[in-house]
Amino acid sequence: MNLTTYSTDPAGLQSFYEAIISAHDTYAPVEKFGKYDFIKVDALSSCNPDSPIPKTMSVKPLFFPKSARVMKYKATSEGTELSDTEGDPLAGKRVVLGVKHCDARGLQVLDAVYKWDYVDTDYEKRRENTILISTRCNEASTHCFCTSLDYDVEKLDAFDVAVINGLDGKIYLQARTEKGEFFLKENANGLTVANGSAQEEMKQQFEKFAGSFRLKMDYSEINEKMKGRFDSAVFEDIPANCVSCNTCAFVCPTCHCFKISDEKLKDEGVRYKSYDSCNNVYFTLMAGGHNPRPVKYRRWRQRAMHKFVYYKERFDMNLCVGCGKCTISCPVNISIFEVVNRVASSMQE
Amino acid sequence: MDYTKQIQDIAGRLFSENKIDVFIGYRNTGFDENQVPVLINQYKDVDQLLFTDKSVFNLANYLKYEHTRNKRVGLVVKGCDSRALNLMLTEKQVKRENLYVVGIACKGVVDETGEMAQNCIECVMPDAVIFDEMLGTPSGRREYQENADVRELDGKTLTERQEYFEEVFESCIRCNACRHSCPLCYCAKCCIDQETATLFQGANTTSSAFHALMTWSLHLAGRCVDCRNCEKACPSHLPLHLLHKQNEKVIYGNFQEHLAGMIEEDRGAFYKYSLSDPDDFIM
Amino acid sequence: METEVKEKIVSIEKPHLEAPADWQPVIMGILCNWCSYAGSDLTGTSRLQYPPNIRIIRVPCSSRVDPWFIIKSLQASADGVLISGCHPGDCHYISGNYYARRRFLVTKKLLNFVGFHENRVQFSWVSAAEGPKFAKVVSKVTEDIKKLGPLHLYKKENI
Amino acid sequence: MARVGVFVCFCGANIADFVDVPAVVEEAKKIKEVKYAIDYKYMCSDPGQGMIRDAIVAHRLTSIVVAACSPRMHEKTFRKALSDAGMNPYLLEVANIREHSSWVHQKDKKAATEKSSDLIRMAVAKSIANEQLHEISVPVTKRALVIGGGIAGIQAALDIADARIPVVLVEKSPSIGGKMAQLDETFPTLDCSQCILTPKMVDVASHPYIELLPYSEVLELDGYVGNYKVKIKRKASYVNFDTCTGCGACWQKCPVKVPNEFNMGIDKRKAIYSPFPQAVPNKPVIDAEHCTMLLKGKCGICAKVCEKGSIDYAMQDEIIEREIGAVVVATGYDLWDPKPYEEYGVGRYKDIITSLEFERMVSASGPTGGVPLRPSDGKIPKSVVFIKCVGSRDEAKGIEYCSKICCMYTAKHAILLHHKVHDSHAYIFYMDIRAAGKGYEEFVKRAQVETGATYLRGRVSKIYQKGEKLMVRGEDAQIGQVVEVEADLVVLATAVYPYKDNPELARLLGISYDKYGFLSEAHPKLRPVETAKAGIFLAGCTQAPKDIPETVAQASATAAKVCGLFSGDTILKDPMISKVNTDYCSGCQNCVTVCPYQAIVTEEIPLGHGSKEIRTVAKINEGVCQGCGSCVAICRSMAIDLAGFTDMQIINEIVSI
């Protein structure tokens, strides 16, 4: 199928967004306590689809929320009755504006595990019913390194519609998926199909963007070298100032570990699936009291190795999209980029 | 306020005299203006150390991890950090003889915007209350001030406060960065991690965030030293200081002007009492 | 015509939430064994009547009451909480109620700060001899909570 | 899987009339864990308990809920029923649907029924988390400590020792005897106080089971019921009691004169002294505050005259330790200082004295040889005004209670005055005459008839000097007029006030005291002898004002309690106490601070399994813990829990409705 590129200007984009917000359930970055969360919006004025990268939280919670109901149960004299939960607030048809490239790629990474041997139907439904529209990434921020990873940022098909700056104030809307193509067609009021110079302009823009990265590495080299570094002494040194919180995993667009917990009142209860993190000391605590990762460096090793070795081996993707969110959110600014590079460049023992 | 040179000298001296195994200080992130805590194990790394008004993190927090357990530790403390350290000593979490404390007569650190941080403006005790060596000229204890944000919220209606805090608790993702960044949250197992369905709420829902944050702030009531490690750690940028400062206000106003960690061997406000404590709220 | 409009019960904290007409509050009462529980027994023995909304939990001493019992109660079914112990100086365990008193003040103020009406959580000292006082206290608390309407804040999200 | 049995009691009509009991049973049956539910007319009756026993076996129940009256009423009864059926008694929960439901919601059966169902629901939820608990057995050291050697301490010590239990009797002054030794005659029989007391004092000194430690103070008490360890300071007496014969040569020659406390400062004693002739032990001590030898190193006369060489100026305070199992506190009382009565001119007029001063004056062995004399001029008073309730029952002066003995001893004083000064007249200002006691009312009548004393009902408002006389102005409420009485001497019946060191002693012992300083009993009616701390008992005026018979009775009661406690080799203790989960304990020791009983100590355990590093954690002393739960609520990491009231049980209750 041919994917169309439309052209517009800032005012046109504005009305495109406005039209979407008025016609669809729309989620977009909304400023809350000095950072941006993806929240349902009623008006363009209350959100910012071009929210700054370092201050924007991941779009992950729209598909894999911090806490979601799995099932309900009720204890009666006859036994325990189980039932499905109704009304998943994230299951309906919706559009998300202002999705960062890295975030969208994160969803592809999540797809791999959530639609793997067991398909998480809630997740799948949320994914199917959502149209993702990208933000305009013009400049890398301090901790960005998406271009150094194993996906094509320029032609990324993780979102349905890409919004890209052209020259002279022109803005291009490019369908990246079939879903996106249909969506654009339906919502193309006021947009014109782009002319021939569009591809070239977008390419120029991307090159400018790609040139703005402070952090650069060769992921394949990292993948390769990390494989042999399980016992690297560097692991023991790196996380000395880590405070063992779960922040990096919770804000990460790709971290997908969860825990199951029950909330009970009277005879009824709900089973929840909530974020969990391998940095949590209780993550690997077993019922008998044994904990294979009781100390920080082992948890850190797990985190780094999972991101750049194990996941790659299993799904041929890095479990990292180079968004830098973990570094920004880390209470002590530990950079995953720095960690993996130090480990990879450490001497083989 | 720049004590980089002095701290490097002190740390160097301590290592060369073999008086410490670890020195906890600050270094540059290497990629921006900010500083991060660093644990140094050898003499040759001391030139990483620095101290300026961007040295924000409360380093007493690192005394609770395995890296410093039963080791001889040197560390840098500002006024608020030293109060936390004092309380940790009172609560037997560290041994004084294992510590070499470099106290700072603090002139205030800056926040994200580069302005002096709110807790520094309202600071009661900028000078380290416990130290082996003091850097800078102490400026002495200051008058207690009610927190400006607490006062502002207090002036609002109940409904406004309720709506405000609902948003706060809703935005909490329960990553527990606040807890892990707090030097006084050293419990072997936090009550919030007790997974039993009826005891504590394990899910990351708003109600469980309410539950966890309220319980947490009550466990720090009368112990919090207002270093704001928690707030700076919060990835959701939640105004966690509001809860602590509210408790501090009530405790200061009602329980003999108690402030945590100011005096040696002075435990938190909930572990003592006075016969003249307010009784009028009880029927 | 003039009696047509019956006053609606709404939650104070969330005025837009309306309670059913037959709504009755649930009040969690946590009483110390030696004074207040004994006092509540005396209320019974004296056949003094009070509203039936309170559900009583016995604890050895008011100092056994962890603030999160209050938080937990408010998150479960309770619309209000009453905690009662021995008068200062009368504590069966010498000093328990003095420690408890400090925690209660801070907890009450904090709950109020984050948006709970101050009458949601109330405290009393009721001695073993104060059967009438217990009845009076329960009536007052019930009356207060009825005025406040049902509590909706931070309830366990599973109903 | 929990299998709970629910037994709902009708309590005759007490519950059934106001609660729909069958509906409650049906509701209970809907609870998942409830495998058996039934009602019965009287659950506490034999057949009722039989139903519980049978159901436990037949339905393999794992915990029991009885919905009936207050657990304070029948918890023990039903626990026994569980025991009888071979079930751990602590698997019982009682839902209080009588005092908390049927009796207080008599006008709303529907609501009472719903509430009863909820209470049962809560009890069921709690019972699921109940654990099997076992009474704790603690060994007993069979030796008692008696603090105070007044009549209360003497009686307690003798009664305990007579049961062949060793007693350590600690008295702070050089002799036992206390206030009673200072009295002349006692009401209502006018027995000579010394005559009935001194034989008992001698018995104490000679009793093989009593270790008498005069001139000593208790410094520290550690441990718990049956296993206390006490530290006692033996103050330096500077006299070797082992060699001293009590001949008296030393105090006859001693040149230093000091106001004599025993005689209320009316006369003088020496710096080396025995407080009174019949003192036990009758050995002198040196008052270090006044002895010139000890103060300035000059004098040494007593050492020179002592033939036995018993004087030792270098003697030091000695601290001794004793292991004991129980404590009787009998520290007695002080007289309240009437200084606040400025309107009486207390302190200004010499001829206003307290009743104990009067008592000393009329005592045959007293400083004035048994004749009351005016302190101002040494004349024999003819008109004496006695004022009762000085301090007592006067809220304005800070004392609300009645001192109980003043009515009687003032009547006695009127008689004694009449005996000693035949042409005198007594005026007695009183508020009420409280003469409840065997022969008491008769005694007061006797005083009135025999002495012709004028009883004036009303408070004295002012006393002023007029020449040599004191003018006492007061109201005679019976005629409703102000009266003025010309007095040679005014005697104030000042209040019985707690011994001044009581609060300090209470803190040291870990027991409580009231706002005045009287030590608190565990229960005013049913446990008047015990304190809240197990193994510590109260005798005499240390608890509240009492007369001699009452004091002696209470002292004997403490002896009975001590003997009961020591009747076996071990004591069984309620298992509902705190326990520490050391895995969660971070060793902050805040619990150690808040424990009112010093029941929490610390112990060192390996950091991890097999680790050589150690960490410090809290440890509960099972013998001491009383189960208040203070430590549990302040433990942030939930490392401490209270058996019987665990976090789990209470939260289960909270979320069950």
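Labels A, B, C and D are assigned to the chains in the order they are written; within every chain, residues are numbered from 1.
We adopt the following convention: a contact is a pair of C-beta atoms (placed from the backbone, for glycine too) under 8 Å apart; a residue touches a chain by one contact, two chains touch by 3 or more.
Remember, predicted model here, so these are calculated numbers, not experimental data.
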{"item": "Chain pair with more C-beta contacts, A-D versus B-D", "value": "B-D"}
{"item": "Rounded Å distance between chain B and chain D, as computed from the means of their C-alpha atoms", "value": "47"}
{"item": "Distance from chain D to chain A - Cα centre to Cα centre, in angstrom", "value": "71"}
{"item": "Rounded Å distance, chain A centre to chain B centre (Cα mean)", "value": "32"}
{"item": "Centroid distance [mean C-alpha coordinates] between chain C and chain A, Å", "value": "46"}
{"item": "Where chain B touches two or more other chains at once, by residue number", "value": "191, 198, 201, 205, 270-271"}
{"item": "Sites on chain D at which at least two other chains make contact", "value": "594, 634, 647, 651, 655, 657"}
{"item": "Residues within chain C bordering two or more other chains", "value": "72, 76-77, 89, 95, 99, 103, 156-157"}
{"item": "Chain contact graph, described as a line, ring, star, complete graph or other shape", "value": "complete"}
{"item": "Chain A contact footprint on chain C (complex, rising order)", "value": "76-77, 156-159"}
{"item": "For the chain B and chain D complex, residues of the former touching the latter", "value": "69-70, 91-93, 186-191, 194, 196, 198-199, 219, 267-268, 270-272"}
{"item": "For the chain B and chain C complex, residues of the former touching the latter", "value": "150, 153-154, 158-159, 161-166, 169, 191, 201, 205-207, 210-211, 214-215, 217-218, 221-222, 242-243, 246-247, 250-251, 254-255, 269-271, 273-275, 277-279, 281-283"}
{"item": "Interface residues, chain A side, partner chain D - complex", "value": "75-77, 79-80, 264-267"}
{"item": "For the chain B and chain A complex, residues of the former touching the latter", "value": "29-32, 34, 36-39, 57, 61-62, 65-67, 167-168, 171, 173-177, 179-181, 193, 195, 197-198, 201-205, 208, 229, 232-233, 235-239"}
